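Structures incoming, each one as structure tokens.
Two complexes, one shared chain (subunit A), two partners (subunit B, subunit C).
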Partner chain A sequence: MEIINKLIDKSALATLIERFTKSGKEVFAPVKSKGISEFARVETIQDIDFETIATKQSAKSLVFPKVEKILSYEKTFDDVIVNNVDYTQFPEVIAFGNRPCDAAGFIPLDAIFAGELVDEIFKARLEKLTVISISCKKADDYCFCTSVNGGPGNTTGSDILLTETTADEYFVEIVTEKGKAILDANTDLFKDTAAIDKTPFLAKLEQQFTQEVINEKLNGIFESDIWDKQAMRCVGCGACAFVCPACGCFDIQDETKGKNGVRHRCWDSCGFKIFTLHTSGHNPREKQAQRWRQRIYHKFSYQPEQQKLFGCVGCGRCSRACPSDMNIAEHLKEIAVL
Partner chain B sequence: MEDIKKLARELLADNKVQLVLGFENGTANRVRPAFFTTPEAVDKLIYNEFCIQNIALYLKKDICQHAASLAITANPNVVRSILQLAAENQIKEEKIKIIGITHEGKCVGLLDFKAAEEFSKTQPKGLKDEDKALIEKIQAMSLEEKFDYWVEAFSPCIKCYACRASCPMCYCGKCNVESNNPQWIPVAPHKYGNMEWHMMRAMHLAGRCINCGECNRSCPVDIPLNILSYMLSDFVLEEFESEAGLSAVFTPALSSYTMVDKENFIK
Partner chain C sequence: MENTNIYVPYKMKIEKITEEAPFVKTFRLKFVNEEDASKFSFRTGQFGEYSVYGEGESTFCIASAPTREGYIECTFREAGRVTKSLANLDEGDVIGFRGPYGNIFPIEEWKGKNLLFIAGGIALPPMRSVIWNCLDLRENFKDVTILYGARSVSDLVYKHELAEWNARPDVNLVTTVDPGGEDPDWKGKVGFVPTILSEMSPSSENTIAIVCGPPIMIKFTFPVLEKLGFTDENVFTTLENRMKCGFGKCGRCNVGKVFVCKDGPVFTLKQMKELPNEY
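Let's turn to the complex of A and B:
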């Protein structure tokens, strides 16, 4: 649909959030606790951290939690009874105050989970999710959304995008039908406006490379020694993948007690040695460098080939979380000039 | 810092080592581990108050395993790690040159293991005031309150295993949590999965942890794992008069038995 432009002032925004929570919707927004900003359930606008550039973890757990029960089972004398999770009963969730990069992250996740094969649980969560993002006024040394087709005021993946134009007012872009449903139910809170140029209100972020160039370069450097060089200091943890808004790999874990059991889906990471370990003991990605290479190829070569999109939104969370300062933008820049 | 660089350059130029493990500048005001193989490359080597990552971790990685000999810029945490790794037969004295650096950042030159042991004794492990306050708070709790505190503290864990991956003492080729037949520890990062994982890791490190705090520093969700390890170390010191990281010849309390071991904890 065509974007609808509106204005909303901050007290009206507070009312909007109150109306969400009062109508039974669960609102998740960045909340600062003990110095760390993370997405958490909020009741009022006062709970929300509007300042932090990026929460430590992404908003992906709203549709792809770190652990979720997908079914339970019970062994009987001659059968197994399987009970799937009732995914028709998920609550309506509002992601509020996330950044445009977080919103963009839902698109590659959707391609992974609801592409050729549809994951009903994921799909049900995503259908119940409305994304109200806020444009970025600031960027830090880790941000690189403008190098991966994103931007501090990008609407991709958002249902509504808010851009702070004055101390008291946001410029509102209603992007999707879900966004329009919110507008229609709350017309008293929004004011009419013509489209505005958002540029003066957005962070300035220089483009360092293009994802198309990375994609092209990857065609000839699978055996390059660059992977060894870049991955030398990688400690082999999964922090990068787990904080990434676009990483969708998971592990299935059954926990059985007596005749009953539960099947869980949990986050997994291609950075782990065990991720590709075969039963025979052979590991096709024996070295950390091969696992690092996989991370880059998956996002910039395999996903473009298979799903016609890139698996990185340039939020920089992996670089911020890395215990040994593996900076993905810096590494991609190195690849771009090979 | 210049004396550290001079030493590193000489070691490489005289072919005394093939590799120097140290730090270079990273993103913005961060520093990062770096591997220097030529005297010229050492121009980029730095050492400052931000160089707190425990780079002894890399001694067990391929790059260091493949080097015939190497040097390492070693603050007191790194020195203690090296001694403990040596005590556990993970590194040989003839392979490693320790460039000793005090808590204040002063280079004390090359340390052999004997000198490293002396150095360790003069460089006590430090705790931040907020860490001390947290320890006091936890110590004042009842057993039930302690249990609840840690269940809550572990709950944000996402099982990225950065604590394990960043720990110089977590060098097992196959971690217990990766064993799935039988499955000792639940993989799922739910309440009990997190609890069991961190309890298991803490017990495997009790009496071996050198208290560098890297587990907490690397944790993306900021779980105070360093506090847990610190309290366990204190407990082991009190009960067994045993402290890791002070000597290259050392048997961890929980891997050994002596006739004077107290048995008063068996109730």
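Let's turn to the complex of A and C:
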């Protein structure tokens, strides 16, 4: 749909959030606790941290929880009763205060869980999710959204995007039908406006490379020694995948207590050695460098080939989280100039 | 609610267990629910996820042929957590099965051709599905040759079926064991599969070769086939990599840009040559 432009002042925004919670919707937004900002359930606008550039984790877990029950089972003497997950009963969730990069992350995730066989559990969570994002007025040294076709005011993946234009007001872009449903139910809170040039209100972030160049370069460097060089520092902790808003790789594990148990779909990481380890002991990605190469190829070569999109949104979380200071933007820049 | 949860397995009853070799068993599985049985179909080359609730899931091919309806079979070696618990089950016990997943051996395209099956060790099960499928449609194919090798005589799987193929006039079966793996009664060959293949020197004329075995056997068999004049398009194999989901989402079985689960597991040598060495 064509974007609808509106204005909302901060007191009206507070009212909007109260209306969400009163109507039974679960609102998740960045909340600062002990110096760390994370998406958490909020009741009022006062709970929300508007300042932190990037929460430690993205809002990914609202649609792809760290651990998701995919079925449960009860064992009897000579039988097993398997119970499905009632994914029609998931709550309506508002993800408020996403950065545009995080909002964009829902798109590659969706491409993984959709496809020929649809993961209905993921799909149901995504359908119940409305994404209200806030444009970035600041960026830090790790941010590189403008190098991967994103931007501090990009609307991709958001249902509504807010851009702070004055100390008391946001410029509102209603991007999708879900966003429009919120507008239609709360018309009294929004004011009309013509389109506004957002540029003066957005962080300035220089483009360091283009994802298309990375994609082209990867055609010829699978056997290059750059992977060994770059991954020398990698300790294989997998934190990069856990904080990534676009990483969708998972494991399936059973957890049993007595006769009852639950089968879970849980986050996994291509950085782990056992990710690809065969029972025989053979491992197709034996070395950490091969696993680092897989991470870059998956996001910048395989996903573009398989799903016609890129698997990186430039949020920089992987670099912020890395215990050995690997910086993905720096490494991508090295690849771009090979 | 209609169940469209892709992770929920079918309920299968173990109808028959066959001990094939030390630590190797074949399960014949039947659908517990008639409705599942009537909706289910598969084609040769496909695989599934077999689960023991509480232990997890394990990936094996469907080792029976689609021409044998009413059941599926899988053959596995006790190796990890799930296969060890599978091995502890009895006839009548219930397990889970998800599938079928993956692509197929294009046997329709092989009509009128000679077939050369080359298998090593525990890799005969995926090939057994194709062999029986082709033998059940025997008139569609010309000469059928099966070369099967294992480490030792006791490691040969499907011994009854090997005897059956051996007795058939329309099948040329050659069995071999690795040097030192023979016993006094052994009447087959002694030597590694690639060496025996070289000695047999089958014609590549109008022939499809289907190869399945441990990586080391594959590595030394392909060059022999090339020497015999087989083109890369006429050599087929089936790959395996660690899998969890079976349908291209969990992210671990890829070899370069292809998922073994979704784009494979069946590949031609031509396709294999375009892939990086990540299997």
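Please note the rule applied: the second predicted complex is superposed on the first by the 334 of 338 C-alpha atoms of A that agree within 3 Å, B and C clash if a C-alpha of one lies under 4 Å from a C-alpha of the other, contacts with A are read in each partner's own complex, and residues count from 1 in each chain.
Note that contacts are C-beta pairs under 8 Å (C-beta built on N, C-alpha and C of every residue); 3 or more make two chains touch, one makes a residue touch a chain.
What you are looking at is a predicted structure, and each value in this text was computed from that prediction instead of being measured.
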Check your understanding: So, does A:K34 touch the first partner subunit B, the second partner subunit C, both, or neither?
Key -> first
Review point. Does subunit A have more residues touched by subunit B or by subunit C?
Key: C
Review point. Given the touch rule stated above, what does A:E116 touch, subunit B (first), subunit C (second), both, or neither?
Key: second
Practice item. Pick one for A:K22: touches subunit B only (first), subunit C only (second), both, or neither. Key: neither
Point to revise | Touching partner for A:K287 - first (subunit B), second (subunit C), both, neither | key: first
Practice item. Could you look at A:K204 and tell me whether it touches subunit B, subunit C, both or neither (first, second, both, neither)? Key: neither
**Study point:** Which of subunit B and subunit C A:K308 touches, first, second, both or neither
**Key:** neither
Review point. Given the touch rule stated above, what does A:D251 touch, subunit B (first), subunit C (second), both, or neither?
Key: both
Review point. Looking at subunit A, which of its residues have contacts with both subunit B and subunit C?
Key: 251, 253
Study note, to complete from the structure: Listed in rising order, the residues of subunit A that touch subunit B in the complex are 34-36, 38, 56-57, 66-67, 140-142, 232-233, 235-239, 241-243, 251, 253, 255, 264, 266-267, 269, 272, 274, 287-288, 319, 321, 323-325, 327, 330
Review point. Across the complex, what residues on subunit C touch subunit A?
Key: 1, 3-9, 11, 53-57, 79-80, 83, 92-94, 96, 215, 240-242, 244-245, 247-257, 262, 276, 278-279
Revision key, fill the gap. The answer for subunit A against subunit C in the complex is residues 70-71, 73, 75, 78-80, 82, 84-88, 112-113, 115-121, 222, 248-254, 256, 261, 263, 265, 268, 270, 275-280, 282, 284-285, 290, 294, 297-298, 301-302, 305-306
Check your understanding: If you look only at subunit B, which of its residues touch subunit A in the complex?
Key -> 26-28, 30-35, 53, 57-58, 61-63, 156, 158-162, 164-166, 178, 186-190, 193, 214, 217-218, 220-222
